[in-house]
């Protein structure tokens, strides 16, 4: 990987983190009237994967998809406006945080039904095959989605037809409060790939270089018509499942587990690496942060000053023309 | 296995075969006004598995379940009467061939929805666990059912909870006219078990002794609280998917394939073995057949002479009291 | 051979005039096949997927030979995994293709409602119109020969409650072809409701490509005394009933809404304005049926024209029995429509 | 914390009198919890399964502490696999247990309709009454705070078309407890329809175990001029509307059918016989709604009593928008009921 891409990945991870933190901070004012699921702690996955995607490649996300939208190059102003449910939002205020979209960069939507996006992304990959183009699809989903039959049904079909799709499981070990081991036998999601005759890997989802590495290979396999890959990225969400609540401690996630993962912060780790490599300095960090803060400021102010949809638009878009 | 059970298995296989043949012969008279799916060629699976089940164990079948009903000890008269859609039928004429039932011997029904019975059998096994009894459930299903998400969802749950259920896949390579390899990646259904941490085997489903062997172990594992097993039995149906039609030759199944499997007739094979062992003779074969013919004759005559339901019973049983 | 063929082959060859005349008579099945054939030919984005769509039987003949003609990329068999296959079709539609997904039985649609209802039908709205899902889902309801509770359902009534979905249920060969073409060129998910007993009906069908507006019903027979709105196969029974009513001196107007959602309320209200009496015949179970919805619309919008209670002629609220005797008791026929009409007009 | 809590906490604390008085006031949520608690205590066959039923939040508090009390065998979390989990509950029911399966959102029910409709609801009939499926499926519909198209559906209308299924939708704490107990002791699959905004309503609830007959509605307020039939949460809006109508000199009769299937037709017809005017308020989208079914029944069986068109007050036929402004336009309220009633009575 070229070093220029390192900096881009860093910037994207940082952008995701700071956007999420700002959302977190603003949420208490009750102006973001939509459920939010923050990706803080999981930034490396989206960043490491999307860096290898072209604008015309497709991604599909879930309820927790801010990071992927940002990494794929979705318009930040329209994203924040969507969270504020404004007419200028990427889904014109009809979708909210769980339903981000930006077709211009291949984001065809995300589904808040667990497992629901896996067939959809398999379908865009089918389209690439039938249209004989080399567009790749990446489907992002959680460990929870692996519980659903759609996971298997889709992987089977993709493997059978050798479709250009990369399945990226962001395994953060929890579905709401339910631990992976209380829902699944074993903790090796990547192994399912084997039986479908596709490559499958379990990797450190907090190591953006490792993610990028595996993603690059998987994506180029897709472009070469060699079929799908499953990548299980082990990672961790810092915030509670939903909103800005805390779910660490008694009856929830163990504090040690939480602290362990916070210590493995993907951004800290990568920035240390970049510093070691001599391409990142404290000064540069500040500069990049400042650029990002400006961008975020602009996006929030755009959003907050945008008009809301008007009630008489209620029936628009039920059907496409 | 005691030798007395050999003869019982032989008798059951022969019973299945002759019942099916008689149904096949009678179907042209249009008095069996229900779709039928014959099990000729697949007799060893049901016979080899059910020989180890107690009366109070449960089985669930599919659209193709005559063999299992018979092997589990379902009432033959009521079965034939059900095919003739009589009031005396096991489902009182409401079910037909695809929906046989006999709760007295643990047959709680069968589903004509592919993959539909796998959760149900997993559920009765859950009940055994919650009730802390040692009843075992066997779910029979085809290779087609493995395409459905319910297969994975159910196996995962059964493994997670260590439920006393044996999943028996009768892999006859076809779902209607669709070959396994045009629907699935690979031809190793049994391998799925591995990832669920349960034993899985692919065995010769036309060898009743092998079936019986593996089934016995799986069932005793269940009784001992050691959890589920998946057994994939390779076998073959001689008749077309449905009714009495022929689907061999041009555009359908290759004739050589068909002939190969007919040459591997499970009954011929087992009877030769039994003869070798000196427990079966031509005379005995004749005697057993005659007993079976009498039983069949009785069942068909019972069925044909039974009354049909009357129209005013239409609304009965929509709800249980 | 699918078993319902046994039953279908025994049916009378029912000819439906339709609102088109000409000299080419086709069966409903062949009309459908022609619509698919012509659509595959004219639009490279169209493709067909589903269990057995490429096999010798070709979904009761409706896809026969299409794989040979258009290749295995455009007409292909799928694993038995209705929910994900639907979602895969939806994804392909989002990427600009025009998939036609086929369920050989409407019962199997129940496995796929997550993708159809939670996803396909909501996508356009949920994303402010930015992504479209031009998808056709064909479902075929069986009847008779002991199809039984899991292989004979007519659940179009359930789907009426789904915003964002269009539902068409053509009853004539002419409508079958025209509405199939409309469904394919429509930019929304369209549920295409077929009834196995219609596959054999015949009628005039033009050779050229034509479409029929979604959302427009048709008057099949004009009359003064009573309006019979008939859904899908019930049109055949309604036309038979109307014929018999004529002999008894009762003039029935027979309407086929063709599109169930969005419903042609105008044709309904205008007819009731004339006759003052309304019978609705549907192939599904009565409660929660399409007939219920039509009755509600009439009670809301045509109330002042109504002289008599609205009558629904549907299957009773029971799973389909397998027994031939009970099947006969279960399915409403021309006789039932006739009897209701007589009592509405005479009493 | 489930996000709709944000919204629910902002609601007024609505007290519903119900047909019971006493001195113990409970919330709907606590009434439900008590019904579950008492049922687990009295019948060892009862157990609860579903995503998160054993977690700290306890499905909005309705299952809180039950795992601790009855053990992890009887109150347990499941994988996210709604269709099979439903089938597993069905199988356990066939083997003699009495499972209660919970969906935290009604939207997820759509994933499980194969098992609920093709299997659970048909089993008793399909096998001539030989196997029963005593199953309760709880579903909770959300509303507000941008729940959006995939997390706020009220699809009880779809389920009306399913023979063999019973559907209850209690609106008061008293009914919630009584109908939960009835649903558990019933030998059939019962869909238990809850609305998140009802969880906070309060009312009198007796401490002892009691059941409410499935299939019987209740008159919440007697009146002469117009009948308002209100489904689930719409009862709250209907009672508010009735209050306001009273002030305008219009006397409204408010009926809660409580059971949606089988419907209490008698209470409906008798009320319409008295008032001659009918408004039906449902929480779902209008087309194919429970309101449509009730309208059809009234148009069939109470036609001669009706003086005015039947009115349905429902959500429009669009997926739920996320925008707060559009949500406000989307959901019908007491105002809408009030306006319809005024126009029916005055015009």
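Order as written gives the chain letters A, B, C and D; numbering starts at 1 within each chain.
Keep in mind that, in the parts below, contacts are C-beta pairs under 8 Å (C-beta built on N, C-alpha and C of every residue); 3 or more make two chains touch, one makes a residue touch a chain.
Since this is a predicted model, take the numbers as computed values, not measurements.
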Revision key, fill the gap. Farthest CA centroid from chain C: chain A
Check your understanding: Cα centroid separation between chain B and chain C, in whole Å?
Key -> 36
Check your understanding: Measuring from the mean C-alpha position of chain A to the mean C-alpha position of chain C, what distance in angstrom results?
Key -> 41
Check your understanding: How many Å are there between the centre of chain C and the centre of chain D, using C-alpha atoms for each centre?
Key -> 31
Check your understanding: When you check chain C against every other chain, which residues touch at least two of them?
Key -> 78-79, 81, 83-84, 107, 111, 114, 118, 125-126, 148-150, 163-164, 316-319, 321-322
Point to revise | Multi-partner residues of chain A (at least 2 other chains) | key: 91, 93-95, 99, 111, 113, 116, 147-150, 153, 156, 160, 182-184, 318
Review point. What graph shape do the protein chains here make by touch: line, ring, star, complete or other?
Key: complete
Study note, to complete from the structure: Listed in rising order, the residues of chain B that touch chain C in the complex are 30, 33-35, 85, 91, 93-99, 111-116, 144-145, 147-149, 175-178, 182-184, 240, 242-243, 245, 251-252, 308-315, 318
Point to revise | Residues of chain B that touch chain A when the two form their complex | key: 147-153, 156, 159-160, 182-186, 188, 191-192, 195-197
Point to revise | Interfacial residue positions of chain D with respect to chain C in the complex | key: 83, 107, 110-111, 113-114, 117-118, 121-122, 125-126, 148-150, 155, 157-164, 261, 263, 284-285, 287-289, 291-293, 295-296, 298-301, 303-304, 306, 308-312, 316-319, 321-322
Check your understanding: Along chain B, where are the residues that touch chain D in the complex?
Key -> 58, 60, 89-95, 99, 101, 103, 108-109, 111, 113, 116, 118-131, 135, 137, 149-150, 153-154, 156-157, 160, 316-321
Practice item. Give every residue of chain C touching chain B within the complex, in rising order. Key: 1-3, 6, 51-52, 55-57, 77-81, 83-84, 107-108, 111, 145-151, 316-319, 321-326, 328-330
